[in-house]
Amino acid sequence: MRTAAIGGVVLLALAASAMELAGANPLLGFYALLRGALGGPHQIAETLVQTTSLLFPSLAVALAFRAGFFNIGAEGQLVIGGLLAGLLGARLHLPGIAGLPLVLSAGALGGALWGGIAGALRARFGGNEVVATLMLNVIAALLANYLVVGPLHSPGAVGPETAELAPSLWLPTIAPGTRLTVAMPLGLLVAAGVALLLSHTVFGYELRASGANPQAARRAGIDQQWIALAAMLLSGGIAGLGGATIVTGVLHRFNVALSPGYGFIAIAVALVGELDPLRVVFAAFAFGILQSGSLTMQALAHVPKDVVTVIEGLIILALSARRFAPSAGRLRADERTG
Amino acid sequence: MNVPGRAALELRAVRKVYPGNVCALDGVDIELVPGEIHALCGENGAGKTTLVEIAAGELRPTSGSVHAIGNVGLVHQHFELIGRLHVWENVVLGFEPRRGVRLDAEAARARVRALSQSYGLELDPDALVEDLPVGIAQRVELVRELARDPAVLIFDEPTAVLAPAEIASFFATVRALAARGAAVLIVTHKLGEIVAYAERATVLRAGKVVARFGKGQIELDAIARAMVGGEIPALAERVVTALGMGLVARDLEAGQGAHALRSASFEVRRGEILAIAGVEGNGQSVLADAIAGVVPSVGSLELEGTPLQGGARERIARGVRTIPGDRQREGLIVSWSLVENAVLGDQDRPPVRKGIAIDRVAAGRRAREIVERFDVRTTSIRTTVATLSGGNQQKLVVGRALAGAPRLLLAYQPTRGIDVGAAALVQSSLIAARNAGAAVLLISFELDEILALADRIAVIYRGMLSATMLRDAFDRGTIGALMAGAQRAS
Amino acid sequence: MSEPAEFLALALVKAAPLIFAALAGVLCERAGILNIALEGQLAAGAFVAVAAAAATGNALAGLAAGVLAGAVLGGVLGFAATRFGVDQIVAGTGLNLLAIGGAAFGLVVIFGQPGASPSVASLGAPGAHLLIATALACAFALHLVLYHTPWGLRVRACGENPRAVASAGLDPKSIRLLATTVGGALAGLGGVYLSLGELNLYSDGMSAGRGFIALAAVIFGRWTPLGATGAALAFGALSALQFILQRSGVPSELMQALPYLAALAALAGIAGRARAPRADGVPYVE
Amino acid sequence: AGSSISKASMRLGMVTDIGGLGDKSFNDSAYAGLKEAKARLGAEIEVLESKSAADYQPNLTALADEDYAEIYAIGFLMNNDLAQVASNYPQRRFAIVDAVVDRPNVTSITFKEQDGSFLAGALAAMVTKSRTIGFLGGMDIPLLRKFEAGYAAGAREIDPRVTVLVKYVGSFEDVASGKELAGVLFNSGADIVFVAAGKSGLGAFDEVKARDHDYVIGVDSNQDALIPGKVLTSMVKRVDVAVFRVARDARERRIPRGTLELGLAQDGVGLTDFAYTKAIVGAAAIARLARLRRAIIDGRIVPPSTREELAAFRPVALR
């Protein structure tokens, strides 16, 4: 623990020197990071927007990892979820009461489908999920671009995006004048749901058993193929729902650039949160601070964007040393020789 | 060689406190003399493994000192072998023979062959370790340590996985080793072995040395009393029960390769223990797995007159319960608590299942029952199973199998690695299950256990099951010969 | 050039950086360290090579520096993983950001311009060809090292069961550290191939996901050097094929998705039962 | 004296899209215009880069919260967010490049890329010896298709038998793939390739270096000097000019003027002046290009901006 603390300090010092090198004042830089993330109601709202966008894919990753399924594909699932939500939403003219649930479900369904492909590949053929989800990420991006620009192009859209959703399909904000919407409580609800599912239901129990010791789980009558598929449908569904909340809550349309890699950062978030849904919420908040505060580092402390990236890297490195997080590798460790 | 009488290994005032304030060893002194075989015994959780790991330098003591002359080798009970490497690779790891910069595989194989010949331990250097049955894997670990020419060699429960004939040859090896001047320390729960082979014995209880036996003082009852701090409970009485039909297997085949089950036809009545004797690796694990529904099989299986079909889930629902051979790999999720492990396999039916939820109160009740009935030594039912000693892990697995009132109990080496007191408890509960009308299939490598428990017995050799014999017809010699494959000898 | 010859040449060109990165992945994972920072190591190798070539005017100095940069990054991962027992995936994510952001920032600091460096002394066409040959040679060399040297045996043992390695009297941590460092150097060389071999500059994002495709190649190749190289070659061939097949009228995204769709399809058939090293990604604590 | 006070007090802010600075394309070009405003108008400038679509709004808001005389949103991706921020901050002035935002306090700047690309295609068709020319795009998106369609139409205008090969890298950042795809185009017979691929295009420039009889055409900024003699011309898009013009208007407190659509007539798009390639192109071709330019300005030729319009495009056949 002490060495980890020393490591953290060293990394922060490195971050400070990177700012120094960029001609920025490190103290001002860190101050800007915090002020930008937490300095006022607007800043906090933006931080929570980022937290929410990270939370969905992070929960998705955590759930899959708990099942022993190494889902590197939350990014693709999120994109497909957003895509479906955007394509449907841009064409839908319904009051929000009926339309919003429909659009959100479309997103969840899209993500579930995308995750389900990887799940089915493993359940049916034993196909390695890391490869499958990595490939599906690339295919999702290409598919989104193709559909949005090509056959399903919305008239009037200039870029690789859909037309704007009707305001009735926008998620209601919970803090007027900000982009903070009911997506946040929805995310918390999903977190609570995942937590309950894992700790209190038979399905959650079987899912965790499959992840922790597949051999013992098989002997306990647990159908691992079904678990792999179900876990990935759920995991993908959560990530896809996240994509749909970005579309309906933040951008009000689908855009191929809707994610700066939330699905990849989510892996780190999930692991820092030790795959525990409630702790993942806090980890997502920590990363949300980083995401939103880093914008202010640019604006206020004149820290260039790339240095911000470097600092994020250093902070994530510092977080990795926080504890021996139970990565999927460690989940496999239960299968010992002898 | 060493000066006789001078200790090859000396532990003084060794204390070990695990995280969580578990005091596993409390001021232990022990010394090993070159050329002698020294036995270390004690109940499950007494601190034996902790002690030998400290002696071998694998674990740091909290306080106290360890002095050794020369190499100290430790043969673990849960082997430290690498499954996906070949035997020769495991043996030479760390001091590989070289030819230039290259690894000299031929020399390594030759070394393995030479060693296994000189100690009479037959080994194929090119076998993949993960394909080996436990008994042979044990040999690999032994040869690996022998290759390092140790001054002190320590074994943690080496015979738990060996067949009678193998045990004899194992001790022959150990004696040869001692004769060459090595000091040997053996951790074992089998008191008969101590009496037969050891020259000295030390008994641990709750982390303290409670008795030492010198040359000529070793006596079975005294050791047993010292271990458990009282008398060993007697086995439960066998009560004659109604003999309805339990399990019927016809022409059962399963698995592939050397350890496949080639053909088995037998029946186990309700209220009966059928024991399958055999040396590990002759198809018995596949047999158990086929009945449990974990591996696919050909042939027919019936339980109480109805075909036994489907996977593990369906069979559990029919009342098939198992005590698997490898508790850590197949039986438990060691990172989970006792409570969660106590209901593994029963998660899908009442009382554990309530709607879609797990009834945590019922699960806790189940865990407490098992802990009480089987005397599982643990600080709490919420601690992780990883912190339990091996024997206590085994008791948990056994207790779980019996908690569900099984119709068919598959017990694979049920007393592996547990102390005499606990073993008596486990054996008594197998008999109790039988008396209650369950069909019990006992698979064991230990003749003593088989002779103590079985109503009928069959022998498995190279995947073929012999005809079953009645309890009265038991004859050690015949069974031993059948186990070794001498079919015509009978 | 005839079409088949062009195709083959292009396939090799596409495969070379993947081979370097995939071999790096194989070596690290066989030692038990999951290296998802391959992407960052490619970028670091590519950037530092350009910076050093610009400073010295010598492409070979650039090559050496690029390899060194990869090795340093690999070493950092190995060090963090063995001494601090960090979560390797989280650390790898951090290192990727660090390397990619660092290179982008380096462009501003060293060349005074964001986005892309000016042209520098490159290894030229012969150099690029030599590097492609080197990639293939490295595959065979790594095969020999892993399966026919004592160190290779120790590396494989570390990836399966570091405790067994420790109980054989070896230090699994140093073995892992060395493996990740050498692995990083290989990935760095892949970066050098991109920036000084094929091209003569560094440009932000030029690794373009190759490090992640290499991860897939490692798995497709079942964690063996020759298998991973085969998988990298297959990816190279599929990319080359999509380059050649792209036609106006056919959706370009469909063609671009071709290698990934093929990989997905192959997954159902070929790589079904691949097994990772048992201790892959598992921190070793005494 | 009064003017120097106001000079010191003018601040200009700019938000880039996810491409960011260093793209050698419109972000850099816009930045050049801003720097020119700094030099010539004494403005203070600030640039915020974005990492994802979700960053646009906070970045724009961060600037709008401060006293900026003009806030530029560079890139069509920002149109929705700018519309939102512009209505939240009616007292501030905004400008957006490559998109139209219909708000009283926003100046929209768009370019007729297809017009400039038309000239590039015509030039390529006149210079090619193989009757095959190529187009290398970054990503297959509507903006890039304006380049593609205009280019192909220009070639058709000169010679309908010229084949136009089209390939897309799928990324604006994959330099190596850019080089390899350029190689594929050249090997398939194209001897001139119009490169509109952001940083991926740098690879195409590298590829052409070693080829004796092949050429590229640059895009966005003047790239002619990158490989003197091998870049026939560049189809420039003067974002810098537009940015500077808007800054000057702000300086002079002129009200925003709605949409600024810049084509050939306004020198918003166009070809560079063949500084290194006059000998290759020849005076006749240059003269013919001038006539075509006039025809487009006069509206006698309307270059297509989509693939559908391209399919319907018929050469006007000027003589």
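Labels A, B, C and D are assigned to the chains in the order they are written; within every chain, residues are numbered from 1.
FYI, contacts are C-beta pairs under 8 Å (C-beta built on N, C-alpha and C of every residue); 3 or more make two chains touch, one makes a residue touch a chain.
Only a predicted model underlies this, so the values are computations on that prediction, with no experimental measurement involved.
Asker: Go through A-B and A-D and name the pair with more C-beta contacts between its chains.
Answerer: Per the contact counts, A-B leads.
Asker: Mind checking the centre-to-centre distance between chain B and chain C? Centres are C-alpha means, answer in whole Å.
Answerer: Comparing mean C-alpha positions, chain C is 45 Å from chain B.
Asker: From the C-alpha centre of chain C to that of chain D, how far is it in Å?
Answerer: 35
Asker: Hey, what residues on chain D touch two or more of the other chains?
Answerer: Residues 20, 140, 170.
Asker: What residues in chain B touch two or more of the other chains?
Answerer: 76, 80-83
Asker: Please output the residue numbers of chain C that touch at least 2 other chains, ranges allowed.
Answerer: 114, 161, 164, 251, 253, 256, 278
Asker: Among all the chains shown, which pairs meet the touch rule set out at the top?
Answerer: Result of the pairwise touch check is A-B, A-C, A-D, B-C, C-D.
Asker: Using the touch definition up top, name the residues of chain C that touch chain A in the complex.
Answerer: Residue list for chain C touching chain A: 34, 80, 83-91, 93-102, 104-105, 108-109, 114, 161, 164, 209, 212-213, 215-216, 219-220, 251, 253-254, 256-257, 260-261, 263-264, 267-269, 271-274, 276, 278-283, 285.
Asker: Per the contact definition, I'd like the list of chain D residues that touch chain A in the complex.
Answerer: Where chain D meets chain A, its residues are 18, 20, 46, 48-49, 51-55, 57-59, 61-63, 76-77, 79-80, 88, 98-99, 139-143, 170.
Asker: Write out the stretch or stretches of chain A touching chain C in their complex.
Answerer: 3-4, 7, 18, 21-22, 117, 121, 124-128, 130-132, 134-136, 138-139, 142-143, 145-146, 150, 264-265, 267-268, 271-272, 304-321, 324-325, 327-330, 332-333, 335, 337
Asker: If we count contacts the way the header does, which residues on chain C are in touch with chain D in the complex?
Answerer: 1, 6, 10, 13-14, 17, 107, 113-116, 119, 125, 194, 198-201, 203-206, 208, 239-240, 243-244, 246-248, 251-253, 256
Asker: Could you please specify the touching residues of chain B with respect to chain C in the complex?
Answerer: Those in contact with chain C are residues 56, 58, 74, 76, 80-85, 89-90, 92-94, 96, 98, 101-103, 105, 144.
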